[in-house]
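The structures considered in this document are given below.
Two complexes follow with subunit A in common, the first pairing it with subunit B and the second with subunit C.
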Partner chain A sequence: MGGYAVLKGSSYTLAITPDMVLRSGTTQTTEKAVNPESEYLKELPKHLRSYEDAVSYLPNQVYIGNKTPEDLAAEEFPWYDKKTEGKREGKYGEIMPQDEFIGLIQICDVFDLVKLEKAFAKETGKKLAAHGLIGVERAAILDKNEDTQEEIAKLVKEEHAEPLYHDGKLVGAVKRAHDIDVNLSAHVMLENLVTKASSVLSLLHLVKTTGIDPSEIEYVIDCCEEACGDMNQRGGGNFAKAAAEVAGLVNATGSDARGFCAGPAHALLNAASLVKAGTFKAVAVTAGGCTAKLGMNGKDHVKKDMPILEDAIAGFSVLITADDGVSPQIRTDIVGKHTVGTGSSPQAVIGSLVTNPLDEAGLKLTDIDKFSPEMQNPDITKPAGAGDVPEANYKMIAALGVKRGEIERKAIPQFVKDHGLTGWAPTQGHIPSGVPYLGFAREDMLAGKIKRAMIIGKGSLFLGRMTNLFDGVSFVIEANDGSGAGETAGIDEGRIKELIGEAMREFAGSLLSK
Partner chain B sequence: MALLKDKKVVIIGDRDGIPGPAIEECAKSAGAEVVFSSTECFV
Partner chain C sequence: MSEQKIKEMIAKTFIDIADGIESGDYGKKFTIGIAADGSEHGEENLLQAIKLAEAKGLKAVLIQGEDAHDEMEKRLEAGEIDGAVTMHYPFPIGVSTVGKVVTPAEGKTMYLATTTGTADTDRVCAMIKNAVYGIIAAKADGVENPTVGIANIDGARQCEKALSKLAEGGYPINFAQSKRADGGIVMRGNDLLQGTPDVMVMDSLTGNLMVKIFSSYTTGGGYEALGWGYGPGVGEDFDKTIMIISRASGAPLIAGAVEYAANLLKNGMNRIAKEEFKKAKKAGLDQILKEFSAPKAGAADEGEVEAPPKEIVTAQIPGIEVMDLEDAVMALWREKIYAESGMGCTGPIVRISEENKERAIEILTEKQYI
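The block that comes next holds the complex of A and B.
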């Protein structure tokens, strides 16, 4: 089956930001506001991991592609008390240390809002200049920092700037972008610059992993969960073009797609449809991470004497292009959607997202080799009482299969094992939502190990208090049989001439036969 | 079922478990008065 847009590649990045856990995670900021003397706040710093520990954490190595979901499933649970051989660089991306990430935030700031302490900036600038994807030119901005720590402390104390800490020391600050506008406050600017910087890092890795010429990417869709704008248009946007600018995607425009955790699945459907329609030949879907969710389940982790596992700002990018005859196709005709009328019972949700689209395509649940719903790392969620989220999804899919007579009741655990995946993604909302599997899915399809996968995005719209509704979309990715290469290449003059020629021949033939 | 009859109930549903509106329907059918219902996202 040909003519679909294809999954050309994806990238995944993490930045380990323990100081941001303390100062920007909403669990911590809320605690500081309501219970500043709490035991939790006193205990928390002792539970922060070093960069090295975060790198040698197996789920993080899976996220950047050095280990596989199968490696993770084979490892005895829990994982936080074990170390694996960890590398900073991975097949799909990297794990960046906090100091370099703070430097990258400044590189992503085009309004001179980020101020770094001179010595810190100099050291960090050297590291970023030596970074293969950032380099001397981008890192040069760090050399312009002249502020002392005292001057930065003054900005924080007197100018409402948001402090930036590294190893417990004040190393910089993000200034407010307006003196009254709350949407341009220092807090919001830091949150948005962090999102932008992590998206940029992922885009740079996407260009590297796919080998695409950055000038060939024509459109970028950002699908994070933040909003940028001012007091007159709070979510005006757009992160996509802002990140594309820093990543050097000179021929791209873009826009932001939102849907809470379902954002990435919506964005990928948009991207695949734009490519299939011939509107653009290469579209990148990208998202940075969020400071607010750092240490979100920290209270339970501290209570159970565990390290704070939510210490990473994550990012990912995906490249969707016209059919190359090789890469897995995005079947934009096998799409599930949770509609306004679907209802909220778990059966209704899974029915709308999983079984309805498969029924329409004449496929059974077992025709899908792997399902990728919410891929949250259970090491984080189980101690916090939220259970194993991917496993809960698989059990519900399997239960529906039993009801439909496609799976035997006693075969549920085997179905979960065979068609499921063990979660490895950090709990950063949209980050775990279906997309972490795209890298492995592509590889496994190219290697002939699997034929089909279903990506499922689910979003908690009710958190925005505009509706009580839940949301979700899903789609199938399929191994490419090579028959449709070039069909979505779209505006190819030769092909147009060929089609006109064929049509004229047919017309002439019909005239002659009359 | 008598457990919930004529009782006032507060419902906190889970996005990845049983959402609020689904629990609400069950509680109502058991004769409870739902005074608050919401769904939360724990991830």
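The block that comes next holds the complex of A and C.
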């Protein structure tokens, strides 16, 4: 026992980007291409929320840690028509407004691809200089913008640059990084810079929430859903190191891990294993959000006269370190995996990810206090006809429990309530995948409220058309049992007796030989 | 572990050694409580048993009174005693005892799995579990790789199949061979007397009969003089060392039970049990138990639907209640639409070809799946 890697902390951030919903979300860009005069496109702008509305949206406040999953469960559904007392800063991160996020994109641009309109840049630069985690030094780059709106419009019109809008006004552009290579087109560069910037924001918050010296982080694993590279290596990478550079993790290297929505769970397992093996002492797992999924379910939201709830670029970071004797341990010996031979039916998938590893560890379903599968916000998915995603997962877990005789059929609703969570995460694929709960799980374990949680990441690999398989991995985190403290763990009473026995025999031998 | 802790451990070891030098006895002594109110042979028999145990270098104490079981459990809980010898103990379902007898031919020791308690409410499942319990008790008693045979009783052949399957799944079982000419792992009555296997698997009623016969045939039946008794309760979540004897058990057998208990404690039966259960489960024990349990009445066959020819399914339909997902797929198959169910990252989905998507949504809507 002992010597597990531990969950040292996590951060969660959002950037509210209504203008990007209109221009970068694939639901909208597809509609523009196919049906440019559609009712949806006309109606859409009226359904965009203000920054303040997004801040006072309860699920967002849960995401950054100001409210808890319990608060959310207690609130009457739906949530979009209600307001909560909201703050920009949260225990785990922040909700950044669009203008500052555009500024941060420029800070993250190393190849001079981002051009901002002079007045906008100056204004935004001031705000970022005053931002506690960004500061004067990083924000200084914004002062170098000299372009006028006309010059930027020309870049968009004539140079295939991707426009950046704020409050409906053109305030900047991302230039293409190559004339022919589609992987370096302005569109892809914007997508990748957004991912990088949101990852950087989360990493900065991770350093703040955990209090770690940035130079102590030795490795970074990025698990977002995008890929960066050029035409010769389309997904060559490496977002991880790129973000680590801006976040000031000077002693870190890193790499990207991918697996669609299951990416974060794979990445966390990698990180925990690297730490457990002693390869690195502190590993960060990080991911930024994606523009493509902004307003993904927008048509349904507009049809139902709801605000566009998918208006945020999300990010998260998690710090995994060697056992500190306090933080929850990542039980890399209780791991579920969806294998090539598992099959795709819900029973097979949940069996492979939940009951198989628990069986092997001799645990029952009810030994896991909380399960965290896909934590999609049902406020977003229900109106779009996809149902309550976390609830569907819990029902399936409970149904398996009934089959195994661990849970009574009529106790399913209670099991779902006791061992489940209400979803609050933005629907950006990898973002809701198990990880949003890590912050609360850590706190509840430190407070002794829960003992064990299972993090479950699932992925739909057939989307990439390379395989028809599903995927997923899961692992258990557990309140620290103190087994890893100290350096001589592993010496037991038997070994001590052996050592003493040896010494006594030697002593006897020396008496006899005299 | 801190340096202080290591020092404490070394100091404790030296104290143990010093005690050993003075007393001439070097191992840790386990204290076994005897709570045997209602013995047919009276208290004198119990006191004699304690003396016999002491003569073997063991430590046993008498637990008396009307609520001897309560007192025994309290003392076990408090660690005042390490194990107990008792009678009529109400083990939970799932726990059964592994007896230990001396067989008449060549005086060989044999474990009877099991002799009291109910390992499972299903007969064959109980025998499968009894085999594992028997292996655990034998190993914990110091038999390194015990041989296992199944007594030739009702359910023996199914138990044989199940254990072979468990062995194929990776749970190591060292099968004994009957000493009769045609061999096999099913043991005849002769093998019982010869003690052919180390562990003889049977149901607990048969085992109960056997332990009584084996321990009292020399005295004419009224006094159980031979062997180690009905043995420890073994079960997946059971971690106490509680040995069973009967009202007819005589002092030598009770002393034997104390010895058996001390041995199990010394070798760490709980640890061994945990390991064995883990291995057996990994080899598919739960699945095998499910497979071999008698079919429940009333399970009706539903009409099978044949799958239409397989297609590439790239379109998805979400929003179907997870418990109804397979039915939804069947509903599409009935309409000759090829569909697959899936648990994707966004919850349960039905997957169909792009061409069939609209029609599938129509069907599922009509049938109220979405």
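Just so it is clear, the second predicted complex is superposed on the first by the 484 of 514 C-alpha atoms of A that agree within 3 Å, B and C clash if a C-alpha of one lies under 4 Å from a C-alpha of the other, contacts with A are read in each partner's own complex, and residues count from 1 in each chain.
Just so we're on the same page, a contact is a pair of C-beta atoms (placed from the backbone, for glycine too) under 8 Å apart; a residue touches a chain by one contact, two chains touch by 3 or more.
Quick caveat, the model's predicted, so the values are computed rather than measured.
Can A:Y51 be said to touch subunit B (first), subunit C (second), both, or neither?
In the superposed model, A:Y51 contacts neither subunit B nor subunit C.
Looking at the overlay, what does A:A262 touch: subunit B (first), subunit C (second), both, or neither?
second
For A:G362, select first, second, both or neither according to whether it touches subunit B, subunit C, the two together, or no partner.
In the superposed model, A:G362 contacts subunit C only, not subunit B.
Touching A:I500 in the superposition: subunit B (first), subunit C (second), both, neither?
Second partner only, subunit C.
Quick one: is A:S345 in contact with subunit B, with subunit C, with both, or with neither? Answer first, second, both or neither.
Both partners, subunit B and subunit C.
Once the shared chain is lined up, is A:K395 touching subunit B (first), subunit C (second), both, or neither of them?
In the superposition, A:K395 touches subunit C alone.
Identify the overlap between the subunit B-contacting and the subunit C-contacting residues of subunit A.
260-261, 344-346, 374, 376, 381, 385-387, 389, 392-393, 427, 429, 458, 460, 462, 468, 470
Which residues of subunit C touch subunit A in their complex?
Against subunit A, the touching part of subunit C is residues 1-3, 6, 9-10, 13-14, 17, 274, 277-278, 281-282, 286, 313-314, 318-323, 325-326, 340-348, 351, 370.
Spell out the part of subunit A that touches subunit C in their complex, as residue ranges.
260-262, 344-346, 348-350, 359-360, 362, 374, 376, 381, 385-387, 389, 392-393, 395-396, 399, 404, 427, 429, 433, 457-460, 462, 465, 468, 470, 486, 488-489, 491, 493, 496-497, 500
Given the complex with subunit A, which residues does subunit B contribute to the contact?
Per the touch definition, subunit B meets subunit A at residues 14-22, 25, 38-39, 41-43.
Quick one: which bits of subunit A touch subunit B in the complex? Just the residue numbers, please.
260-261, 343-346, 374, 376, 381, 384-387, 389, 392-393, 427, 429, 432, 458, 460, 462-463, 468, 470
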